[in-house]
């Protein structure tokens, strides 16, 4: 199957769970990917519908009809993207051939600790897959990227996780910040909450308002962030994490702070952050004094990071902006797919946000 | 210079007036264009700045430095895009070689009638250039597209104009609607008002509010729409036109209505609209009963049209959604450039909006 | 019961259907009304809940517990406000004593024509109650206000209806405009669509987008507007009506146009509109050249109107801004209650919007 | 002058700096105040304009003409509200009689430490006035309220300051939290940034985006919060503070966290917060599990607070919602005025937000 990459035949990709926002965004990116042909698109309750009814913005795929999500409908593809509720992907994946690349946008295969999984998700742990955050830094300077080459199972990270990890990990890997008392507060767009019909997600409730949720250490992304920062070198990691829904459809602006290790200078901080991402195609530390906004990243696979030292508070403050559906979800999947299949890492992905 | 098109050398494009929204959007599209290399970017008061300071979302062009807008800085390009205040483009264009393709995003060269120009703009008429709306229909079924092949001067249409023209012209060209008493009301995003620092454009004034402007027949896009619908076959065209700013950054949703010629059936209406755009890559009549929204077109060069007959009112109602900065401005310029240079019309343009 | 008005005892008001937006807004206004005591609050599926769970913004009423909506729970009040789905209010009202003032926020008792009711609502007509738009003008210069004094049943108008009627009726009553070919397009906030859990009402769908609905003559407010403009003197009334949801929680900005009767001058238009509302406490024609926005009316019982003549198009254009939940619903109910009970018409209502 | 309070004569209030958002909001509240008559309204560059041109939402005051801001125009009032840029109020106040109540909405007289003032504002310290946050708690359980009775000079707090102080002070006063490493991140509406014409405040930049500002310990509200929490009993107070502008016109949602003193139980936390505000008319701790949103407080003088213990992170997390222009500015001024003049503390103020 790896032959595709050197042949002229397109890579055939199926998307399971195509009716939701994550599935739709994956299809938007795949439609623009130079080496991909979209194959089966599947759904549960929406099986039988035309894609144009559910995602009218996907003009070139509007004619495709959603099939039921079964192993049969997903057969015969080089790549299968699972955009399913957590708990559903393990079973499907087990029935797909081992040489098919399976990218799971759900949480099932992200956590290494079965105890963490059970504590936050309340069900049996499904096992761990290679983690689809290529930029994840190790204390020795290597990246997660290497672990994705040739992979055939990939767990795509959570959107909030990506924003907070990218903001803090340079300081953790460089040993400049304490990891015991991290605090992150995120301004989050509503597409991050999915298409579920819930009263607090209605436009009339959201417009003109900011509303927090999962306050007080209950959000399921917390153990995943902790795991990442441990991988980056943090020994004793604890995190206060509060997401706040604000009136925008897409975007995460994560403000994440850490106490500085005593004696750390602003110049060291600047250098560590800039160095960490100097060679990354999709993560950029902005010039000093320029702060990221979510609009800068809309529709793009870009993460923009800025960092400042607050000497009076003894803390470093980082702000990271991403599009939750792109670098936070579907873009990370495509980037991981490119790496897994040996394609150019940036194929089919843009760095320019749709702004203003 | 036409040799570029058959050679492997990229087309070099300069953008004058690169600091505004129209210029920035043009650069966003050019950065993704497979045959283009961005050359000079120029500005007036922002000359000397890095593009990354003004358009931080344009990551791959962030290093470019804005030059002053002069004929010298624009020399040596195959294509020059003028994103200047009206009145400024004529002079610059006169100093550019005749074989350079000049695309004017401003209004200066759109109107054929000097009297209309003087009445609505209060200055001397600068002459008329081929009009950059490839989909403009003639009563004989031909399109404006033909007039753009090989053109070296193109007047790109106004954003509201494109939305209203695309909505109404199928009925006009087919002789199904009366053109004497057209009414259009548009919900318009704030980027359409540009980057000018005016109190009514502040976020605090815009959020949670809808505000009309240029009410009562004063908007400068009126004579341009009338001109288009005359070209489509309307003899006696009059239009009531009201734009309403609503709290979104991009997008135009144009509701445009016309009285039906007596005896016209809903089936005739449907057929006329569907036929008009059946072969268009960027304009689509949605399936019956599905209505366009602006989000479906965000960042894409797509116009979505729907039409319904209100028999009690004796009117046809059309709704057209576009992204004002793409199909309404920069996308129309790129599409026209592709046609003028003999490239594939869709090169560098996407049809999938960034939604939700 | 009328004794309350001259006594010091508060008027006891019950609200049936208190869990929705219309019911909640009624309670917000009643909480600030100097002569009112809120009595029973009732609901269907939410019976048993504390009001503070459903409307956390109503601090002073948070402790009240919702009772089931039955004639029993509504007994013993001077006034009952019905904020129920259409079809439900007739039955309840029939079981309430005749000397209790019943204000119906639903549509059931607004239309005089049983045929119109059946055509647009598909059920049997429930009869007509005095119409709660005090400012409705008659050709002889009298107002609907007179019909509300002492009334014990009031049908509160639809929100879009109020905006369009107030915008157009001065010209109709003065005989300056033709009523055969009216066109209205409205920018409407999401609270107007209620609290129903529907996909197109989700914040992620609404933010950054404008979406039309009920296009082509199907909206149920059309016959009500036609009825009002007939009352104002229009003989042959037809209306093209298109509502567009835009990203704001509250507010209606109605652009409504009519052909001018030949020979009508702009000065006549101005005079007719200004005269029509010169003595109205809640409707104001803005100074020439100043256009209403919805934010100006947020939370207030104010309607702001502006009018301009478009001589080239032969049309008068009116723009009217209201808060759909106040002057469009709950404020109209309180204003009507005041009139029916002989209180000061403005009691408990404010004219100052919460802006910016 | 104190006689007014027992007489039937209204209190005459002048507003200096009436053209901005703080001045406008003060006028909105004063227009609804039962004991107040609005006197002079003054401005600098807008002197001579009608109030209706600048604040078209203030219908009952639209006719008033702005006078220049001079001691003369402010004479003859019982109360003068100064809504001026910082640095301007000291001079004006010095020329007003000592028995006139002067409420300064600006920062000039808030800070007790001249060193703090000079460090954050870069000018000479103007002295300290009684601080207009009646709910400010002392370790002995008394409140700032007492210091306002009879006061004739009041420094009204900053909006962000009020939100963070109210969120954290119960734990500080009760000795349950450490004050050395506080972290606050705020979602802030655009009216908080004022009416200044700056590019990043344009609607096109704000819509669909979240943008931080004054990151890294530079915001001028920091020393004021620190001062308040010292007053509440904190000995060694340090604070990391990051405001994030989000697409809403009004509102602050402050997420503020502190490390718990070892051994503190969730029950102690709950009790401390509930007790702190049990008797407050405008501050409310929501029932456990219900989180505040800014929409719940729109237009009201209400602060809603919630608190949770994150045992894994060892932190208490508080979320506080206010309307920045009401409880954050103009409402605090009216509340302080009521206390200073011996009126009912709640006169002219509402607790019900305009929601949804």
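Brief remarks follow.
So that you can tell them apart, the chains are marked A, B, C and D in the order they are listed, and the count of residues begins at 1 in each.
One rule holds in what follows: contacts are C-beta pairs under 8 Å (C-beta built on N, C-alpha and C of every residue); 3 or more make two chains touch, one makes a residue touch a chain.
Treat the numbers as computed from the prediction; the structure is a model and nothing was measured.
Using mean Cα coordinates as chain centres, the one most removed from chain A is C. Chain B maps onto chain D through a rotation of 180°, based on Cα atoms and reported in steps of 5.
Mean C-alpha positions place chain A and chain C at a centre distance of 46 Å. Here the CA centre of chain C is 35 Å from the CA centre of chain D. Distance between chain B and chain C, defined via averaged C-alpha coordinates, is recorded as 39 Å. Contacts with at least two other chains are made by residues 21, 191, 202, 204-205, 207-209, 247-250, 292-293, 295-296, 298, 355-356 of chain A. The residues of chain A lying in touch with chain B in their complex are 21, 24, 28, 31-32, 52-53, 55-60, 191, 207-208, 249-250, 284, 286-287, 290, 292-293, 295-300, 302, 304, 350-356. Residues of chain C that touch chain B in their complex: 181, 183, 185, 187, 202, 204-205, 207-213, 215-217, 222, 238-242, 244, 246-251, 253, 255, 257, 259, 291-296, 298, 306, 308-315, 317, 319, 321, 355-356. In the complex of the two chains, the chain C residues touching chain A come out as 21, 189-191, 193, 195, 197-199, 201-209, 247-249.
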